[in-house]
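A, B, C and D label the chains in the order they appear, each numbered from 1.
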């Protein structure tokens, strides 16, 4: 057994050249074979790649899909994102627990099935959904959940759960998934026809500086949400002296409520890869990496095939399209369940084989990124747009959208509406128009850009989606008037607490404290001063946290405070002097009462 | 080498290119409170105690390099409030029993709290369950007191050329971990530089205890940072 | 049946309460001192590094922290094989300890007990111990007896300064470390203390006189007040049986002075002592094994020590002891209220020891710590202000404490205090038509004589102001009535 | 420091009440360590309910209530509540009141284990019936030791184990004079 382990670990490490920078691949490989990465396996890996056990452990314990302890042969990860919760998560979780005879987080006694929960898996438009190993199951109901368990019990083969396949490429033999694209509106940038190689051909006809100038002229801004000018980023990278540069594609679409990159990768992979190749040419890189979130592992075989086709067609590899000095290839780096890796420096850390801790900035990735070389990290949608720009020209692109935010935006619309799905809309569209397109059901609030932005009430529905007004990475979550905004804010805070990398104090500790405070208010124990304290603490966390996660995490709370303040003020009241509302004597003595068999005289 | 001019709290000073705000300030006798920054280790930027307002934005002074004309605010009510809150967060996150901690009087976390006049934590205690690793013959590790500053991680790697420590887990489950099941399994030696690097009482030499009498301990007489500020006076 | 509760007991160190049950005839059926808090030291100390123990366990008690600090340090000396302390270390600790005795005895007499004694002698009150409530505190003493009040405050201060000079702090310092001490006595500190030392001895003699006069003036009343015969236990100096408070061997005698235990080394205390658990209090009941739980209980503290020792090794205090012993014709003294006089004799002794030690140049020595072969188990016993204090530990190879047993001074006096309460209750409360606040104070006066440190006694969760309660068979109603009556008393 | 109701001017002398909850009395000893200054203090204040006198309950409103110790049992909670209701300003004195102190070391240990260690396992214990103290006179223990400010609102904090006498004197003087206390560097201690 021990020998078997050593042999397999050796084989996996060898596959990655015993390179500790490929740690993610190695540990994923080991887990794939043994269901976990045991202490013995970590020792072996450390020895083989010239690292230390604690370094391996540090990586393994960071990602929620990796496990030190054996898990079931099948792991069900039920998505507990807010939209799933709205669509019946509790009942589905209950049904699964009952059918399996275990509670959330446990494994059946025969070691066959583990039931656990996971944050947003990018299926908000078909929630509740779950990952069964790599297989996605969608539109769950308690009945469907029960059937699913019964079937799994029989064959323990998640792939057999897919009896009907979704739309578009989901019927591709390498995908074969029940997931649906739900493309509700096709725009000219992403969902127009695309012939592989054409944009690249136009690109290679220019020199790299001209390519960058084109992108700059298009005024394309990063589609991940932050909106940094793409052309400028490329230029900074190109101008930083170095022997090597890298192109990284951020396909770690983890913002709750976002799923448009999944659709792009399913339907427009060639366009995305072409955009990366163009970027490689522009900045002078020969390597591209797609950092694909673990939740989208089911797309990987298909994406590998697309890459393979491109290599075969001279669109990747050496001397691309006959260009004598342009060599470029792309590999896929799998993630393993860590929202923070969507932050570009955390993504780089993960690609380098480390924990997904964000890095200190400055220096910024275009100056010093992957393996300390100049690196651009762009969103899937940005690369897709770049490819189209090279095909159609900057003026064409610039003509779309609003005055200051050019082009189109892919929105992932979900929540309380009749038509959830992906919408390609021009920038400048108002939130109300989107609500109408989606046939929203009595909307009381919308979260544009996911929980790292503020939740807006009807008085802000006339706002426009663009970088000057309502900036977004793509999530557009609709809540009807009956939804409890405070409970939503509290749940999102839980999400950030779980997903914080833990590096810096305000994010690691402050969020827990903020959560306790919110909980106090939501449970009716709050005083007016608690609301001021919530604001103060939120401000401290936002101001002093190192990366975007901490800087955004209090937003759900602040948003609820600012846009729905009456909800909070109704819950708090001044207390009379005496015991604090948060101190519950009856709970504090309950153990003692049980032990000594008499009641407290003071309760 | 060209010098860069910048200001801290309105006072003009100079820095070498690439120098961090923290280092440049210290060179001019301005103390910027900090915890995770240590000697010449690569800055960690994790504790955020050294947060300053820098050209309008909050930045960690241990990480941020000085640029020409930079305006740094260090000694302002706002920054004080942030720092006090962060110190309190570190206190409530662990189990800090100053009254019997042998690091008391020499502890940088405590000394900073003294400097900021903190009389009680402003947040409720989280009281986590933490472990005490006494397995090593000469050194012990009390996780109750660990503030995750990562000094030991970096000193072990960079100065001792070992790899005795690393962080495991993430978020509020993030912990310091030793390379092996317990400290005794590591190649840590009591003479390693790492043993003296802990700012709190988490990583300590065994059987030393309270050898320094009360009154003679590092921060008994003068606040932390005094040595730096003295240079300026 | 009626129940009387005194809660909280006041002017004692820590928190406790007394309940007295009267039957329908008005006779005392049961009288109990309850220690109502529990802190769990014996458990949460487990796993901690052994060198932390002297610093942690002194937090059992803020009144006699030095005693716990040193008892634990003595045990840890043996763990590191350093029980043969250097002269500097031994004398520094001794100085610290006698400073502790001095301050605690001064505190107890002046701050806590003197109102009972001084105002009782004023002639205004009916009984010797029935001073009006408004006057029963040290500030009233200072007002009515300004000189004495001020001296009391300054004597306690002196004791605290001795502690500060040796432990670094007046309360909860760090002076003793396994195998020695962490400092010597600075010349400045020595000179500062030396200039007051003679004054302290003069004042101590005056305090002895106050206690003696009180006792002699109220001899008849005192002879029966809360009095009962008992055994007595303390450490004594091994070679000559002298009074010895820092280090010695165990000696126990019976009510008549017959030796029960003698020369028993501290490490072997378990051969002689055991502790009984009773359900109604967190404080255990120690007893001499040879006599069993029924008859083996004993007194500790100043009275017991003067009974067990052969002499006091300092001239002025020895002269006082001889005078004290004359009253009982050299037989053991079994009178509860005699504790006060005995305590003041020890105060004088502590003053003399401190004065003599201050002249010893060893205190300025540089050789502070010693060690030898490691041990896994050790006992440290010391005579704390209130009596014999036992600390017993086991420490494993990783330096972690694996067992901790503490028998604190006040615990030894558990049964005696209950006896005293019973006796006073029977004599003063039984068949009384009305139970006044003054009568209840009598109960507290008896408890207070033992200087119980209920703070220490609750190491095992909790605390002390004293509380006395009287209840009838109908429980709470009567309790409320009596209690509110007590509370409303002017 | 926060304060809702600063010491207001009472017509008569300000009154001070003190209590030790789950503490060791060290903080009260440190109050006494203000030494001769206590006589001067006695000139300007009256001491109400306190373990150093025989007032066992409140018989009127107090200006300042000083709390030593955290809450380890139901009675501590009751007494603390009583203090909050009867005092204008509450001061947490010392680490136990502020953060539970050493008794809070039991907070991550099951209560049962603490009791068994003391009454069943300790060497030399004579306990043939396996008794663990349990009597209606013994208040119920809380699941953990609570800092006072998690039970009632506390206005001022004086840290230390115990706080230095000078720190106590400064805070008391300031509260009585109606100014904000300022504890000197060397008097602000957590040990």
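Operating definition for what follows: a contact is a pair of C-beta atoms (placed from the backbone, for glycine too) under 8 Å apart; a residue touches a chain by one contact, two chains touch by 3 or more.
None of these values were measured; they are calculated from a predicted model.
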item	value
Centre-most chain, if every chain is reduced to its averaged C-alpha atoms	B
Chain C-chain D separation of Cα centroids, rounded to whole Å	22
Computed distance of Cα centres, chain B from chain A, in Å	33
Where chain A and chain C are represented by their mean Cα positions, the distance between them in whole Å	67
Between chain B and chain C, centroid-to-centroid distance (C-alpha), Å	44
Interface hub residues of chain C, defined as touching at least two other chains	56, 59, 172
For chain D, residues contacting two or more additional chains	75, 101-102, 105, 111, 134, 141, 144, 150, 161, 191
Shared interface positions of chain B, touching two or more other chains	99-100, 124, 214
Contact pairs between chains, per stated definition	A-B, A-D, B-C, B-D, C-D
Residue ranges of chain A touching chain B (in the complex, touch as defined)	39, 51-55, 57-58, 61-62, 338, 340, 355-356, 360, 362, 497-506, 508-513, 516, 537, 540, 543-546
Chain A contact footprint on chain B (complex, rising order)	43-49, 51, 58, 60, 63-65, 81-82, 85-86, 89-90, 92-93, 123-124, 126, 148, 163-174, 177-181
Sites on chain B touched by chain C in the complex	99-100, 102, 132, 134-135, 140, 206-216
Chain C - residues contacting chain B, complex	47-49, 51-52, 55-56, 59, 80, 167-169, 172-175, 177-178, 182-183, 398-400
Partner chain D, residues of chain B touching it in the complex	95, 97-101, 104-105, 110, 113-114, 117, 119-121, 124-125, 127, 129, 214, 220-221, 223
